[in-house]
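In the two complexes below, subunit A is the common chain; its partner is subunit B in one and subunit C in the other.
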Partner chain A sequence: MNIIITGLITGSMLALLAISFSLIFGVARIVNIAHTAFYMVAAYCIFSLTGKFGLNPIAGMMIAVVVVTVLGLLAYKFLIDPIREHEAAVLIATIALAMIFQEAVMLIYTGDYRTVSALIEGYFIVTGVKVFYQQVLTFGVVLVVLALLWFLLMKTKLGLAIRSTAEDREVANLMGMNDSRLAMITMGISVALAGFTGAVLAPLTVLSPFMWMEPLIIMMAVVVLGGLGSIKGSFVAAFILGFTEALVVFMIPKGAFLKGSVALTIMILVLLLRPEGLFGISFEEER
Partner chain B sequence: MLLEIAHLTVRYEKAVLINDLSLCVDTGELVSLVGPNGAGKSTTLRAISGLVAWEREIKRRSTSGDIFLEGTVTFNGERIDQIPAHEIVRRGLVLCPERRRPFREMTVLDNLLAGAYLQKDPKKSRETLDKVYELFPVLKQRSPQIAGTLSGGEQQMLAIGRAFMSEPKLLCIDEPSTGLAPRLRQEVFEKISEINRLGITILLVEQEVSLVFKMSCRNYVLSSGKIIAQGTGQQLIEDEVLRKTYLGL
Partner chain C sequence: MVAAGLYLKRFYTVVRGEVLVLPSRVIVALFFLVLLGMPLISQDPYLIRIIVLTSIFAILAASWDLLSGFTGQMNFGHALFFGVGAYASAMLNVHLQIPPWVCVPLAAVAAVLTGLLVGIPCLRLKHTYLALTTMAFPIILMGIVFALPDITGGELGISGLQRISNSMIGNYYIYVVTMLVLCTIMWKITDSHTGIIFHAIREDELAVKASGINTTRYKLMAFCLSGFFAGIAGGLYAHYMRIAGPSTLEVSMSFTVVIWAVFGGIATIYGPIAAVFILFPLLEFVRFWPEYRMLIFAVVVLLILLYMPEGLIPWVRDKIEKECPRCKIRNVATRKTCRICTAVLD
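Our next item is the complex of A and B:
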């Protein structure tokens, strides 16, 4: 039971992170290493807003998401956009951005571990296992957001344009879709989702300035397993890795130390055996 | 004149793809651009639809080489050579690209709707969609299918249908017959004539000269980025040298 709960929650979190990471990669070929750093910033925002300023947690979450989105758009406009066509430069710039966030958080909040109080306290017991209401809430909210995202992508004109641009930027241009504007919008959505993940995860985890590194690696493993740029792949792979992680942590003594290496092992195996991932698209050469 | 290209020159690094090319297309015509591989036919279409300029911008940003583009393109009385590709579509110059390039992961219906991206009024897109279904009944049958699973002929129909959804005044079609069986080529060309009869001007790039000459009003023969001859199919075929050297007939 513990495994199922942890697996579901980790899986849904990873799904959100990986899908939002995939989105901006698909549309603009931007590998955003700072993706999980935005998630960390959101978590710390909530810590400040609810702790120091005593704001209502839900208002805190909303403000955190907005703050992170604005930060993301600014970073895109001034840092990423000018070098967007240079993949290596984007990679380096976003690593730098992540470090900046890390050090800024370190300066403001010091390296101490922090916690954020749960939205709702209490738990109920299923088959002898404690299930916190906060866990159920987090899982539910994440599912709702995933459903909204699906609706946005599959049922709206903006989603159609995002999917078209992700698949063939040049042809999308021929249909009147402005690829730079779409890249900007997608960056906003992607970072907002990262911020949202940080916001809903904050009460369930411990905050530290280095909390972006581990999810980054696992998220990369998810994206590789699911196939770069494939949303469906990211979704499925997130739950596979979420459950694998939970299994390792609960079944193997001291397994918690192994979870990172399990993710990496999966990533390496996928790259060796099936580089395009579960649902990967083999990219057509751009002319 | 609906489209007027004057002194168009395109160079990729040192390679001259188009050299001082001028041509025009009048409203309602079906004009073909023929010539051997590498003559610059596709580049001409890419240049007028704004893709060469778009590519130049990307190359500049990624510092991976330069493209030189010069000359004027006038469409419907307005100069469009400085306008970005996604704005040119809005004015009614639509390109159906080489190798069809459907969005392979999307359904046939989504592909067609992507073509109507600029149409703000869903009712109008619906009407255009009905027209496309009337032209290509096979697309209606296949509408929920993933585009990548269609046959080559169907993908070509889809590409033309998708371009049609953008409500073109001038529809540029790049090599629609590539990789198709003779019977399917015939069918595709019949559809193109049909679209032309609906009042849509067509600029067609082709290698399949024998079929094209039968249906187009005028033709330009392109070689090494230059126009070397123009006229009706009959006139061009009568020229012995031209026929043997460039048209392969």
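Our next item is the complex of A and C:
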């Protein structure tokens, strides 16, 4: 039971992160290393809004998501957009950005571990295992957001534009889609989702300035495993890796050390058999 | 006497005709001279320590450039080779009591084998998939290190290694000369036939395949060569710090290597080396404000990239040198005509 709950929570969090990460990769070919740093910033925002200013937690979440989105758009406009043609430079820029966030958070909040109080207290017991209401709430909210995202991508005009740009940028451009504006919008959505993940997850984890490193690696594993740019793939892969981690932690002694290793080994094994990931489409060689 | 005089004259002519004509060559020559003559001027242990560490990381950054800059196989887990080198050397030295000067080459061999192990599965992957997959390997190894604390020392690492040489100056010369030699070898490799094929693989792998070159073999070779140099760097680092810990395998280690190389300009070899010699001491000298250290580092990198996305060193080189439009030979920027074919420089 513990395994199922942990797996579901980790899986849903990874799914949100991975999908938003592959969105911006698909549209603008930006590998955004700072993605999980935004998630950390959102969590800290909530910490200070609810803890220091005594705001309502839900209002705190809203403000945190808005703050993170604005930060993301500013970073994109002034730091990433000017050097977009140089892929390696963009990569380093996002790494540097993540480091700046980490250091800034470290300066403001120091390196101590922090916790955020839950939205709703209490728990119920299923087959002898405590299930906190907060966990149920997080899982439910994540599912709702995923459904909304699916609707946005599949049923609206903006979603069509995003998907077609991801598939072929040049042709989408010829068909009258404003490439750079679309990239900007997608960056906004992607960062907002990262911030949102941070917001809903903050009550369940411990906050530290280094909390972006670990999810970053697993998120990348999810993206690669599911196939870059495939939303269904990211979703399935997120739950596969989420459950693997939970299984390893609970079943194997010293599993907490090995959880990352096992998840990543699975990813490498799958890639050996299917180099384009589970649901990825093998693109024509780009030259 | 006459023969010696002739050699001296010839040496002078070569220096005047080949080195002094180009500012970049003058800088490289000065770099060699300053590094080798440093202990004669100052024997400050702190300064020597910084130069030794900088040299080790210069090897590492250049070896990343050899693999990722030249063949375009973006490796985000370069810390793997460094960590394997450090741990292999430490285990051989502490558990089996093998002297350091045997350990380091053995560590390099271990890193080459790791390169093969990583390179073979990675051959099937391209671009971003490759970058994200290679990032996973050091983390897998780190998990194993933590899970086997009896052999690897777990979180504390293996400590109590022997120094390569017990005198400070001797150590300094061993490290600096190794760095200069290895970097020259790497630069020669990239300048050779093999290096041209590496470069071609990055530009257009299909075209290289079509020219009848076995690109798989060359890509594996790049992995092994890079692993070899990074493994030596790892072994040297372990023996200098006298400890091999999990920090050598961290994600931030891999990232820092990439930052150095891209900052200096990829596919140049001298770029990453210069970048390490600029950034690493810089990071040391702002130690007066320890809490702002990484912040300053990140901001400097970000600003430089914003204005010189090609990297710092190629940008500087383009400012002080011009390429002759006719014979493609480089000239000082102040010259009006080419020094070889006298064509007018624009």
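Quick note on the criterion: the second predicted complex is superposed on the first by the 282 of 287 C-alpha atoms of A that agree within 3 Å, B and C clash if a C-alpha of one lies under 4 Å from a C-alpha of the other, contacts with A are read in each partner's own complex, and residues count from 1 in each chain.
Here is the rule we use: contacts are C-beta pairs under 8 Å (C-beta built on N, C-alpha and C of every residue); 3 or more make two chains touch, one makes a residue touch a chain.
Just so it is clear, the model here is predicted, and its values are computed rather than measured.
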item	value
Touching partner for A:13 - first (subunit B), second (subunit C), both, neither	neither
Residue contacts on subunit A - larger count, subunit B or subunit C	C
Touching partner for A:177 - first (subunit B), second (subunit C), both, neither	first
Which of subunit B and subunit C A:107 touches, first, second, both or neither	second
Touching partner for A:201 - first (subunit B), second (subunit C), both, neither	neither
Which of subunit B and subunit C A:86 touches, first, second, both or neither	both
First (subunit B), second (subunit C), both or neither touched by A:270	neither
First (subunit B), second (subunit C), both or neither touched by A:164	first
Overlap of the subunit B and subunit C footprints on subunit A, listed as residue numbers	82-83, 85-86
Contact set on subunit A toward subunit B in their complex	82-86, 157, 160-161, 163-164, 167-168, 170-179, 281
Residues on subunit B engaged by subunit A in the complex (per definition of touch)	49-51, 54, 58, 61-64, 84-87, 89-90, 94-95, 97, 101, 103-106, 110, 113-115, 117-118, 162-163, 166
In the complex with subunit C, residue positions of subunit A that touch it	25, 31, 33, 79, 82-83, 85-86, 88-89, 91-93, 95-97, 99-100, 102-104, 106-107, 213, 216-217, 220-221, 223-224, 228, 254, 257-262, 264-265, 267-268, 271-272, 275-277, 285, 287
Complex contacts: residues of subunit C adjacent to subunit A	74, 121, 124-126, 128-129, 131-133, 135-137, 139-144, 146-147, 204, 206, 251-252, 255, 258-259, 262-263, 266, 291-292, 294-295, 297-299, 301-302, 305-306, 309-310
